Amino acid sequence: MARFDGRQPNQIRPVTMTPNYNKYAEGSVLIEVGDTRVICTATVEDKVPPFLKGQGKGWVTAEYSMIPRATGTRTVREAAKGKLGGRTMEIQRLIGRALRSVVDLEKIGERSITLDCDVIQADGGTRTASITGAFVAMIFALNKLVEQGMLEKIPVNDFIAATSVGIVDGVPVLDLAYVEDSEAAVDMNVVMTGSGRFVEIQGTGEEATFSREEMNELLDLASLGIAELNNIQRQTLGEIADKIGQV
Amino acid sequence: MARFDGRQPNQIRPVTMTPNYNKYAEGSVLIEVGDTRVICTATVEDKVPPFLKGQGKGWVTAEYSMIPRATGTRTVREAAKGKLGGRTMEIQRLIGRALRSVVDLEKIGERSITLDCDVIQADGGTRTASITGAFVAMIFALNKLVEQGMLEKIPVNDFIAATSVGIVDGVPVLDLAYVEDSEAAVDMNVVMTGSGRFVEIQGTGEEATFSREEMNELLDLASLGIAELNNIQRQTLGEIADKIGQV
Amino acid sequence: MARFDGRQPNQIRPVTMTPNYNKYAEGSVLIEVGDTRVICTATVEDKVPPFLKGQGKGWVTAEYSMIPRATGTRTVREAAKGKLGGRTMEIQRLIGRALRSVVDLEKIGERSITLDCDVIQADGGTRTASITGAFVAMIFALNKLVEQGMLEKIPVNDFIAATSVGIVDGVPVLDLAYVEDSEAAVDMNVVMTGSGRFVEIQGTGEEATFSREEMNELLDLASLGIAELNNIQRQTLGEIADKIGQV
Amino acid sequence: MARFDGRQPNQIRPVTMTPNYNKYAEGSVLIEVGDTRVICTATVEDKVPPFLKGQGKGWVTAEYSMIPRATGTRTVREAAKGKLGGRTMEIQRLIGRALRSVVDLEKIGERSITLDCDVIQADGGTRTASITGAFVAMIFALNKLVEQGMLEKIPVNDFIAATSVGIVDGVPVLDLAYVEDSEAAVDMNVVMTGSGRFVEIQGTGEEATFSREEMNELLDLASLGIAELNNIQRQTLGEIADKIGQV
Amino acid sequence: MARFDGRQPNQIRPVTMTPNYNKYAEGSVLIEVGDTRVICTATVEDKVPPFLKGQGKGWVTAEYSMIPRATGTRTVREAAKGKLGGRTMEIQRLIGRALRSVVDLEKIGERSITLDCDVIQADGGTRTASITGAFVAMIFALNKLVEQGMLEKIPVNDFIAATSVGIVDGVPVLDLAYVEDSEAAVDMNVVMTGSGRFVEIQGTGEEATFSREEMNELLDLASLGIAELNNIQRQTLGEIADKIGQV
Amino acid sequence: MARFDGRQPNQIRPVTMTPNYNKYAEGSVLIEVGDTRVICTATVEDKVPPFLKGQGKGWVTAEYSMIPRATGTRTVREAAKGKLGGRTMEIQRLIGRALRSVVDLEKIGERSITLDCDVIQADGGTRTASITGAFVAMIFALNKLVEQGMLEKIPVNDFIAATSVGIVDGVPVLDLAYVEDSEAAVDMNVVMTGSGRFVEIQGTGEEATFSREEMNELLDLASLGIAELNNIQRQTLGEIADKIGQV
């Protein structure tokens, strides 16, 4: 099968990460996965949400947004509508949960790290690119805390990256671009650690269903893609990468 | 392992469904799964959302809410807060998507069916109970359209039911009650059809991860539970059950 | 005159109250007045609204809501609209005011009791059923505080119940069902104590007016109905009923 | 008993009405009842609310607001809070209902009349002053429609005015100023027609109750006060007053 | 050129100020500029916004609103829409900024002064009338603090007043009424001190542009008008006027 | 005087514009003015706001936003707060007004052009950079309409660019960076055409005032800066620049 852009079913799009894209944030990266572009910034603040106050524990959370013309037709701003949509909330909860799964929150102290994922161009896979990029931005920010002597080590026990897989025209494929995503019978977002364990699986058959066998094929593809993304994350982080998993 | 309520790991809680619980709705059921109680009503309206206008196609959607004291401590009403929370939006999008996967929307005509799932007591598994109950309410409503001669057949090609599975104290278990859910390392909601295909899988390791093997065990448990729920749905629907899948 | 359901002008609909309908609330009751069904739960919290802080005094308040299909046609959720309607606010203010009229707020200490009245089926008289049921739920909750040794006595000096009266087809009638309410020229909600004093009278002639004589007839009917409701409240409360008025 | 301002129990405060206070509105009046001052404007628009479209019938509605420093301490604007409070909604619903009770909505045609009642100084009785003033503003606006040949007659069959009565220090008194209102055990707002029929009675015992006898005394006082208000309305309207009740 | 109301290009409309228009506010004035009428009240509160807490410094801020029928066609209330419009926010920020430019915030202590500008009739120039009137209301309030011994002197170093200028039919004119404003090619609001310095200049060519020469002519007119307004402010303040600028 | 970054008082920061930065928008540019970076996209839609419907006329409008970490400390998203702040509204109204001043709205037909200005890094002058960049994005979009034969010519009669000027440490300077802006006694934003006419002047003395002479010096600096910005706009537009002003 020829994919619309010539890729093999098991091939991810070209990925680049520009570290320190923002001059103010404690950590930041511009991640590009094909034509999808997301600015990920990590902000460290000396406060935690009310439900954690006084427990000596930290928090990691995420927010997600798209600029109006990130997409083919202009999307009305959520700020103008006065409320966040369900899709946005789902995505930002997912990003936060994914990152927290590898962070030792006890060890960050009463601090919160907010990962802002602002999509400036969207061509499919914005939530998975956000997770993959936000992980790198978070590590940069935590490393800065280590360098400033606020933390002894980076309190993260593994890598986290994410990709999408789906069934398009009956064929399981990896890393769906927008044109594929809009035609996919099944769409699955997978978040995995560097050691190959699952953090989150969200498989959906909108107006369709899928078998156990299909699911297994999709998970095989996802594992492949995520291993590649881990490599790019390592390259972007340079020697900081070696400090992960030493908790 | 003894579960807190004496159940086996692969055992669901007692389930009852009271059909036609509401005198006004086109279809309704009160579903009780252990101490979780959800009123599901189906409303048929001769209108569709703007994006479907003029296409001769219908729509199925869902809304979800909990009364304030459905839970151990009182929850502030979303109407009082002035907005729906992220969790509510996630759940109502999930219910709608799950139901649409088996409905032939072309065949309902320009009508929408709204499934309201109002949780009057919550003890874990409210979203999966909502899906299981809403399916039955929807079938009652569609059957009424058939009886009124508005539709020829019930345009639904399979059953849909849902349950939760998770890893509690290292053991994969089926149909988590609230006390189990709050301690689970991994929590997975599974929606399946009567013929055993997946509609939706949402597996999450909040501050934890899980292996491929664990995922497989969880899916085996889910299949078991959903088959039982399908039986209870059949009994509740009586002979109407036989009209499903005859599209 | 024959009423649509065969009742006499001075006859209330069948009333049942199911105590402890909810397993979490400090007090709860499901009240059914004809086809009107309201879940009333009482929540006790160790906090008071800002305007009462530090005064050693407590507070009693109420919230009211209807599930979307409580009514013949589906009502859009106030949570989805992002604000409470005027009718809802009016009703919840009325319920709170009515209950406070018989409670000795000084004696509850710095606690608040919130009465949630969730209408799961509406057939006229939902606000008066809410008051009548909420009173019982509140007494159950206060009695629990007595049993736990937090209060010496139930700090309530009388019963409270409510009903509606109105002029339908020129005839004053008691306890209007929805079909009567929608045709009534005059509609009056009356809240009274067990000893026959008024707490609240809200008489309204929507596109109509009424004379002093008509008002007197309506109040006679209301007194009758409320005496019957007091009896049912007593039966539901059992021996706890005797602790009321011993302040 | 001496009232704080020397009035007798059965005496209303000085009332003045400045007609045509606003140069744009179809009808307007500034009503002053003691130190309570309300600008009432009537706006006629050639449209009706959705539920009346195409029925050839009109609508009368009201809105109510207070400027922040209408009161002793500054009140936060509802526009700044982003929502109308329950008290505001209750009051504007009451004003609208009261006016509609004497208007023949069929005869206004598909028009709506909006009465804006903006309180610029509040010293008790703002809702009743609003009703009394809004009635006059409405008549001016309807008379303009008659003069322009849009209507044949003023389609209003009687006068409407309102006042408050209450029990202060055990004594029933008429037209409560703010200092009296805040101490009253019972507070009742009464809306009556020129011919002495009731339109609305809202009697409330906040943390108190009242007997049938007390209610009768209060209604007697209200009748007295409203008759006086009707006279002042007549004077303000001049010869237009004679066109009322000729429907 | 004859202006629509017979004024010369360099002539302002008749201006009157009624001091102490409101019985509750610490300072108040009703300002009338032609048919534009604004109630300005000053409220002193012993609190400051969060960003100033604990700095021993005060704050001056403003809010602006129009009653619905202040204008030729009825405007929907911002409270009903649930949010402030952009125009309102712009205006209230402008008023606050203008007043703060002459107040020594250090010297008011941890107090805030809120100027509420409620437009009860609008005929052009409502924002400049608000500034001119709010200045007077603020001085009255500060003088009361001096009289009560809370402040030693009025901590204001100069007068502030504002007017609009614009180019109408090619001619620069002073103090535009609504009919002029709606036809003006260029519209400029100017805020100046008593000593002739600028506080704020907002010149706008909606669908038009203007030259440096035109701007100079407009500023000359503005200076003229503001000097006249300063005189009227002085007369309204009486001998309190002499306490300004003695910081 | 040495400015913090070595610039002369009359020197602007380095400016770069990356055309077609976004693959979906009809026109787009990334403008960088020093460390201030704004993505400007132009969206053409075949619809106009309600107040223009059926007039055969078009509309140009703008929206403005900053990503949370565009600034030194993280700003809470307006979408999360549920409303646009006053500053945002002021800025987007300014951008729209500025652009409309040179566009012949009659000639665009019933189309609207929305300029989205998303600030991804803020170091002072974001609103003026937005205007300067949005102008270029708009021209690209209009040129595309010409190329597609939808318009005959680009209906724009002149260039528009904007810069800020202010008085810092007593010295008038051009193009303020954030550190200068936060210390400036006077801050003025100036929008001018290519032919040197003013479109908008907003001069503000926050807690300060300024003389006529100072204003003149500031306007001289602004003219200088805007001429330079016009040159950079010309270079970015290439030969399309020559089509401006040929209306």
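First chain written, first letter: the chains are A, B, C, D, E and F, and each begins at residue 1.
Operating definition for what follows: contacts are C-beta pairs under 8 Å (C-beta built on N, C-alpha and C of every residue); 3 or more make two chains touch, one makes a residue touch a chain.
These numbers were taken from a predicted model, which means no experiment stands behind them.
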| item | value |
| --- | --- |
| Shortest contact path, chain D to chain F, counted in steps | 2 |
| Third chains touching both chain B and chain A | none |
| Graph distance between chain B and chain C, where chains that touch are linked | 1 |
| Identity of the chain that, by mean CA position, is farthest from chain A | D |
| Whole-Å separation of chain centres (CA-atom averages), chain C against chain D | 29 |
| Between chain E and chain D, distance of the C-alpha-averaged centres to the nearest whole Å | 33 |
| Geometric centre distance via CA averages, chain E-chain C, whole Å | 51 |
| Overlap residues in chain A, where contacts from two or more other chains coincide | 82-84 |
| Topology of the chain contact graph, where touching chains are joined (line, ring, star, complete, other) | ring |
| Chain B to chain A touching residues, read off their complex | 83-87, 89-90, 92-93, 97, 100-102, 105, 158, 188, 193, 197-212, 215, 219 |
| Chain E-touching residues of chain D, taken from the complex the two chains share | 22-25, 28, 35, 39, 41, 43, 45, 63, 65, 67-72, 74, 77-84, 88, 114, 116, 118, 120-121 |
